[in-house]
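For reference, the structure discussed in these notes is given below.
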Amino acid sequence: MTGLLNILCLLTVNPDSIPEVIDRIPSGYNHFVIPFLVGITFMLIWITVGLIRLLSNLTREDRIKLLLSWINPVIAWKNVRDLFCDCLFHVKIWKRKPLLGYMHSSIAFGWFMLIVLGHIEVALFVPKHLSFSEGALFYPIFYRFFVWMNPAHVALRGSFFFFLMDFFLLYVLSGIGLAVFKRFRSIVLGMRHTTKPSLADRIALYSLWLIFPLRLLAESFTADLSGGSFLTIPVNHLWHLIFGEKLWIMPVWWAYSISLGLFFVTMPFSRYMHILTEVLWILLRNAGIKPRHPRKGVAEAEIYACSSCGLCLDACPMNVQKKNLKYSSVYFIRFLRRKNEKKIDQIADKCLMCDKCHVLCPVSVDAPALRRVQRTTVNNHLPYDLSYLKAPIVQAGGSWSESLPMDSLKSGSNMESSAPEAVASDKVLYFAGCMSHLTPRIIKSVETIFKKSGVDYVFADRDGGICCGRPLMLAGKTDAAAKTIAANKEMIEKSGCKKLILSCPICYKVFKEDYHLEGIEIQHYTQFVNDLVNSGRLKPAQSSERLVYHDPCELGRGCQVYDEPRAVLGQVGELVSAAKERDESICCGGSLGSLTLDARDRAKITESSVSNLLANKPQTIVTACPLCLKTFAEAAPDSVHVKDFAEIVCSSLE
Amino acid sequence: MKNNVLIIGGGPAGIEASAQLQRLGYNVILIEKGSSLGGHLSKWDRLFPDGVHADGVLSSMLKNMSGVKSFTDTQVKSINRLDKSYNVILSNGISVLADAVLLASGFTLFRAEKKEEYGYGIYDHVITNADLEAYFSIGSDSRIDKPKKIGFVHCVGSRDEKAGCRACSKVCCATAVKQACEMKEEFPDAEVYCFYMDLRMFGRHYEDLYLKAQKEYGVRFIRGRVAEVSENADGSLQVKAEDTFSSKPLKVTLDLLVLMAGMRPSDAGRRVGDLLGMSVEEDGFFAVRDSVTSNQRSPLPGVFLAGTATGPKTLPETIADARGASMEIDRYLTDVFPQASDYKKLIREKW
Amino acid sequence: MGKYYDLLMKDYRLKEGLNACINCGTCTAVCPAAEFYRYDPRRIVDIVQSKDDAEIEKLLRSDTIWYCGECMSCVTRCPRKNAPGLIVMALRSLSIDLGFFIDSEKGRQQYLLSKDLCSNILDYGYCVYPRRFDYAGHPESGRIWEWEEKHLDDVFDRLGGNLDGDGPGVMRKIPQEDLDELKRIFDETGATERMENVRKAGERKAEEMGLSIEEFSSKVYNETNPKHLNQ
Amino acid sequence: MVDFGYGISPSSRLDLDKFDRKTFDLLVAEEPDVKKCIACGSCTAVCAAGKFVPTSLRSAILAIQNGLPDKALELLKPCQLCGKCTLVCPREINTRHLILSIIKIYSAK
Amino acid sequence: MIYEGKQKVWSDYQKDIPDDHYFYVRSCIRQSFFPASEVTFLDITRNRLGKDIFETEHHTTCGGIAYHSDTIPQETVMTIIARQFALMAKNGYENYVCSCITSFGLYCETMETWREFPEEEARIKDILWKTCKLDFAKPKYLIHASDLVYKYRNLIAAQAKHKLINVKTGKPLKVVEHIGCHYSKMFPSKGVGGAEYPYVLVGMIEAWGGEIVDYPERRHCCGFGFRQYFIKGNRGYSLSNTYKKFESMEPFHPDLIITNCPGCPYFMDRWQYVIAESTGRTYGEEGHGIPVLTYEEVAGLVMGYDPWDLGLQTHQIDSEPLLDKMGIEYDPAQKYAGKNGKDIGSPICPTCLK
């Protein structure tokens, strides 16, 4: 009240001598800011402590990696871009669900702008309040309360900021509106499933909802004193119409401050922590640091960067059955936060590792990787004995006495005679892999293609070889995987071939990522065939067969091989598209990724995957993975053929 | 005129055939050596694969044959062939002039004591599948005393040349698995083992029964014929077999051993067969005209066969067989009786 | 295909002992050898009826066929009236006739068995002859035999025996003309020939192993490879 | 003490009385499929590791039921988890998880 | 255990045993290790029962042990057997009684082979004529000596001086019976009581007042196994099987084991000693073993023969506890004495067994 009084007495003096903005309350302080102060301080302390803990959990080399990444211009630029695109504009969401994208970005970016502009105003009009002693922590937030606007001469500059502030406030409010709406009718924003919010989430959510309406209320109450624009001023008049001269300013500012305080206090316990953690996660992620523990270190940033937006719910192929929702990444991460070991373990084992949730995540939280780390902590130490892979096997139970890996090298039929050591480097090495041996039609077709295009090749595992190691990795048996990898690596290097062709995406991914075969080009046969076609060594005849191509998880999302197979298939038949493809393609359900998913659940997934492929009435489903092939072959309706990429290419050569 | 049809044997086959033939308008006389109709079915508690109650099945079958003249405690005294028909004198004094005779004499259970090494009738806790069914319906058997470990031996008196029967009895596997499940229900914490040579779960839903036994009841199936049973000091049984999957001899202590006694031809049936001079095959069951197209015809004109008289069958098969026999008889009677003129020729060429 | 099988089929014991095994395992279940050796009579019958020469030859050269104790318990049990015990005997005969027996440690033992048992028969007309049964070689025969061995004549005398005596009675001397008849039977029925072959094969093996006959004999008599036992 | 030069041989007869129900129930809780095996041998037939060493899921399951868990472990340690057995199993047993679970539970003690 | 059940089985397996005029053929092992048993058997049949039982010094081993050690071909043993039959015929007998179970089994097997393949019998006939100028006739009755004792069990009981009863408690002795594998396992119908519950020894035990105990491994082989015993390296097999039997019968606390095979008593007697020596395990009362006797010895005891005349001292397991239970007088001093009390020393007493 005293404040108001001395404004009035000022008014009695010459208006022109009065500046544009007057510090209405010289102390720059009022009790109502306390709730906000408490909240913000608590939150700041919390994240500082958390940050320190997190960084201390990083290994030394990881910490160095992080520092280096900042001075590396490429990464630095990527950081900036990602921070804007992912944190503020939520570009990823925009791309998939514009309305949802707008909702997220409006709140994030709008609020961000309100804060920034608020500080600019303070800097321009009452700079002294930027000093900590003068309430830098809260003053800019409640700027509108503390100042008096001289209606006599509002410079353009001032009204410009009034406009911006009102504009962004409106912008945020529109987002909030959508959010509230989404709570009740999520489907409208393109989400079939949404996460169940925890208690903390609810409190934070509701306080968040309240913050901006209350801000509008508060600022509009004081608009006639502290100024406003197209939004606050009319509302202010409205209030006066309703309540007359006397407006209860203090209560609304209190409420506003309380809602802010409440939000910040609950923030660390709610999904909204992601607003801040995202930043850190993006830095770590871009620095290329991989989690070594499902909860500690990078993982912590990762799991707190998850906004529980629930986009992964619809992404997850398991969720064709509602009962499986609880196995989705968002819940996995929630349980990681809550350290619920039993649930963590259970959920970690279910996942198919199709990687869709990772690819579609607005902040690229790599939940599959976290699940794998979790599996490692449980399974890696389990006893195993792969010693037989090293030494030559002599009369091991069965009748075979050949040594490994060299003698398991058998040359292709168009060079029968040559012994492995005689293999020249211009030959390609074909490694079919375990699964291809269960689908001989793939092997047969690949060999035919080799022969028809006059490719000299060596068949590395004609009568069975050693597993590529990925299945072991997926099961978390990292050390065991290293053994099989070493054995295969030795075999490949000894073969002398400079090019390795794989017919199984599972192999392909692990060979590419974990084998580190210096000087050896690794190709999936879809890529190889594509090269053959482009170089004219292979001339497929176009047919009118309507084909749909299924992207195998490991090949597509896993290794970003989307175009080569399509390029070839386009020349083989009439390529129609599936309802969802590429990034969005649906796992066939046969994946080795899941440890505990049972046959029934898998069947359901296969069903949905097939119907997705049949959207445009193809005659033939083409895939490029033995596992997918087998899975589809058993599940697809008799009216459609299921063929392997190599097979269909083969048939086009006759 | 109404032809007389004599049906010998009041088990499922006889009952079903009599019901059918009566509906076709023949004058059916059914005789049964036992004191009640139903044969083995009346002694069984529940039936595989889905465990329907035997008495329900039987009573519904009996309902269908109401009105048929049936004589229990009655056997064939003499039977001789007149020109077209058979003159049969029954043990109860009645004599019947039957235009067709259906032999539905069924089977008898293999006498388990003949497999001496299993010690049925010698060891205190060895019983047969029939004993177990009785236990299920009556609810008590001194030999069954809260068993903690139970074994089922398949192929007792089947697929066993020493026991005089090379053939498979067809129903034991499914019965064993059914009874194994029932025992698990009765004694949930008991270990239940099935010793089999081949699991012949050939029928519809039989494999489901097998899966259920494994999944829900945790019955352990051991591929190996029980070789020897002996009694421990405490009265429990020591059972020896080979786990042929591991190629190792195996020993287990059991509190109860159930022998799956197989199907043997019935002695009473053989008696009538001898009276008629009907031939039996090596397995002791009656020979049929040909095993594909006329399974219900005996080599004798006017004499037909149904049910397990011609070898092991499941209950549904028996019933179907009885219906088949009824049709054959109907065809025979309508064929033979109206025009008696070229009867001999007709018989020669057709019957 | 079936070469060895046909040879085996010449043996009456196989004619009697093999008729379509159904692999039920009753034989193995009661087999005394199956529990202590790497042995499964069922498999043997199965291999024989497979007529697979390679598999049968493996068998003939292996230790496996020598594990059986010929107690014939299996014969009682088989539901197909097979006699695994007899089949093993036929296999052993063939293994000896083909000279395969010498390849396996257990088969080699035929060298000593043939030497001792046949000479007992030909020299005395008995399979077992107490003067040739020494405590040193049979410590399990116990302190009592150690004593009996020392006082064999007195003991037999005391117990109403007729050790090496004329006329009938326990352990009497069997007249030479009867022994001669036995010898003629041996010659005529191929026993002598088998003895000779086994002897020669043994001596050859001894040489091969670079052992004197004595060393070879004691090796064969005393040694046994733990791999025979099955845990 | 006389040295006879030989002794009582260890028995290799399977003794089902030695079957450990408690631990088996743990396994069943972890992976119920273990009960569904019909010992058809498909898994052993396709096994990638089986090409080099004797390993067999079928035999391992039997070994457990016959009270020889250590034998089961030995049979499963060479497993490369390649998953071929899962694809060929006629009873749709989740073989990979079963193998992991067996090793987890029976190597625990 | 349901006794009536067993009786039914027993009644199914009765075999004709002739009343008189037997041709006796001896057993290699019984002669070597239990000479008194055969002496006693002949004495009982001839002098106590007044039967005509003939033995010729010309008969030999049947070659069974050599045959089952696979050292001689089947036709060799068949011819030897034919020769024995010829000797029987030559001396005008047709009831063939053999003392050895291996022989008995072999005779049965041979007869069976000849029945199935008459051409083989003809061939052997020729060989026999060629080698020995002998012609044979198959016996009318082929029986084992224990069948004979079984047949006369009640006559023997009638003359009994002692019964298989513990004179202190008045309770029947617990007796385990062990049947030689080759007695009826190959041809159940050839043995009294068949293969599963042979009655030949049980009948004696019952007739003489004992109580039979049936234990799980009753049917199991003693483990002789021919080559499995003759070669030292194989004896683990033999030992292990006896061990298995004793472990199985131990809970029944038998007082006595009676056998009808020459080898089994030797092995079950000596292996008890080896088990005691190498593991310290004993199966009788307070550190004693369980006496394993031949049916002749038991018959002898029942009829009041002097234990030392029966040769019980030639068992490694002391029979004194049994004799005491049965209330049989004996002179410990005479145990190891030679003929007419001649001092021939005595064996070292093993410490492992009482």
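Every chain is named by a letter (A, B, C, D and E) in the order it is written, and numbering of its residues begins at 1.
Note that a residue touches a chain if its C-beta (ideal position, glycine included) is under 8 Å from a C-beta of that chain, and two chains touch if they have at least 3 such contacts.
The structure presented is a predicted model; accordingly, all values stated were derived computationally and were not measured.
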{"item": "Partner chains that subunit B and subunit D have in common", "value": "C, E"}
{"item": "Assembly fragments, subunit A aside and the remaining chains unmoved", "value": "one piece"}
{"item": "Two chains sharing the most contacts, counting C-beta pairs only", "value": "C-E"}
{"item": "Central chain (by mean CA position)", "value": "D"}
{"item": "Remotest chain, subunit C as reference, centres from CA atoms", "value": "A"}
{"item": "Centre distance in Å when subunit B and subunit E are each reduced to the mean of their C-alpha atoms", "value": "46"}
{"item": "Whole-Å separation of chain centres (CA-atom averages), subunit A against subunit B", "value": "68"}
{"item": "Approximate Å spacing (C-alpha centroids) for the pair subunit C, subunit D", "value": "38"}
{"item": "Per-residue multi-chain contacts in subunit C, two or more chains", "value": "30, 34-36, 76, 140, 222, 224, 229-230"}
{"item": "Multi-chain contact sites of subunit D, meaning residues that touch two or more partners", "value": "2, 4-6, 9, 11-13"}
{"item": "Residues within subunit A bordering two or more other chains", "value": "none"}
{"item": "Interchain contacts (touch definition) - all pairs", "value": "A-D, B-C, B-D, B-E, C-D, C-E, D-E"}
{"item": "Of all residues in subunit D, those that touch subunit B in their complex", "value": "12-17, 19, 21, 28, 32, 35-39, 58-59, 62-63, 65-66, 91"}
{"item": "For the subunit D and subunit C complex, residues of the former touching the latter", "value": "2-6, 9-13"}
{"item": "Complex contact set, residues of subunit C against subunit D", "value": "34-36, 139-140, 222, 224, 229-231"}
{"item": "Subunit E-facing residues of subunit B, complex", "value": "113, 116-117, 119-124, 228, 230-233, 238"}
{"item": "Residue ranges of subunit E in contact with subunit B within the complex", "value": "1-2, 4-6, 8-9, 194-197, 214-219, 251-252"}
